[in-house]
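Both of the next two complexes hold chain A, though its partner changes from chain B to chain C.
Take a look at the complex of A and B:
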């Protein structure tokens, strides 16, 4: 009986670890997707490139905080076409590292990580009034 | 026959009984693992639904009903009946400007070794464009 219980416990440990990683991956993917979408839409509503940059940083930080994640670890890259003008496409790419060595309730330790990535393209309104 | 001859009296079938106890213990553990998985999934769905609700207000207008209906539809569409007692709170912070905050709370149904529903709450904030109605 003891052997069976021990074997069961040993088999369950990697299962719990896998669950924690999968949950973190899903959370990271949701946060990255939300961050990219929010950032793209906010950047497309900005009046110039500088304010768009500020809007992207703020939107990404808010989206990650909403999911309970630290936005400092996120990698954000955004580009706009030839110039920031009506009809231009704003592309935002957000990447987030999910640490593999972690478990539910125990937290995570430094080690290898899997990067989740999300991208969103928003277009500046063609008929938007601009300064 | 040979085993029976050498087995101490009163211990026939003890291995089977012990196996059953061990199996019950392991099944309870496995159910606990499954419940942890469902709670993790439900937490992510509730967080995403709060964000979808906040986004709905920004995209569709300033009605809090929009946020509530979108958030509830997101949870029901993604988690089915896993989360019940859903409540959606919306804070618009003024008429025309500022942040939109949506709070979604609910309880994950219990079906494993944890005998009570597990509460979940998630908050999402989105910014509205200044000056839009």
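Take a look at the complex of A and C:
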């Protein structure tokens, strides 16, 4: 009896913890890939660098909110070749911290994080009308 | 053994699903980049045809894939009408390796064609 309880605790507690972390990792990774993709596409459609920046921020916020995550914690970096011009490559990198110390029902406990990240490279349309 | 298999499906299945999304995003971006290589000589020849310059379209799609730096097998084909990008990779498993499945095949395909006018 004691052995069963002990063994059960040793097996079940890490399993529950792993399930919680896995779920959070997947949710973060889904949000990050969606955010990078949408931000890249929206930035490539923007008319200038300033509106591309706004488009990136908005797209990332939407993608994270769609997964029920707070976009403020996301780290976003985007670059565009030498200048924002037709044919240029817009590269977006999104990183998201997943707290390792968490469990289902209990939620996150502060502590170390694993960063999930996603990248997307989109091309500014060669023939789009621009102001 | 059953526990390892269940954990493997959860962990490696998720990894494969996420990696496929990454491949799909890369394939979409490469196909879109290639599909903007219009054959200008055909257009300016007076036919006003929106067709692709196959060689440049393929080259651009390949360059776009190279920018991502993903370890994949790429199959890129371009015709005057479209660009097709197919990506294949094998994902090394973690837990599923314990039940004899060392790799999972992951693939994605994207097709893009040029259209005139605003999207």
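The rule is simple: the second predicted complex is superposed on the first by the 127 of 131 C-alpha atoms of A that agree within 3 Å, B and C clash if a C-alpha of one lies under 4 Å from a C-alpha of the other, contacts with A are read in each partner's own complex, and residues count from 1 in each chain.
Following the convention adopted for this analysis, contacts are C-beta pairs under 8 Å (C-beta built on N, C-alpha and C of every residue); 3 or more make two chains touch, one makes a residue touch a chain.
All values derive from a computational prediction rather than experimental measurement.
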Fit or clash between chain C and chain B when superposed on chain A: fit
Which of chain B and chain C A:127 touches, first, second, both or neither: second
Spatial angle chain C-chain A-chain B, Cα centroids [nearest 10 degrees]: 80
Touched partner set for A:118, first chain B, second chain C, both or neither: second
Chain B versus chain C as contact partner of A:1, first or second or both or neither: first
Winner by number of chain A residues touched, once chain B and chain C are compared: B
Partner chain(s) touched by A:30 [first = chain B, second = chain C, both, neither]: both
Closest approach of chain C to chain B (Cα atoms, Å): 5
Where chain A meets both chain C and chain B, residue numbers: 22, 26, 30, 37
Partner chain A, residues of chain B touching it in the complex: 18-19, 21-23, 25-26, 29-30, 33, 36-37, 40-41, 43-44, 47-48, 50-51, 55, 58, 122-127, 129
Partner chain B, residues of chain A touching it in the complex: 1, 4-5, 8-9, 12, 15-16, 19-20, 22-23, 26-27, 30, 34, 37-38, 41-42, 45, 58-59, 62-63, 65-68, 104
Chain C residues within the chain A interface of the complex: 10-11, 14, 18, 21-22, 25, 28-29, 32-33, 36-38, 60, 64, 67-68
Complex contacts: residues of chain A adjacent to chain C: 22, 25-26, 29-30, 33, 36-37, 40, 87, 89, 91, 118-123, 125-127
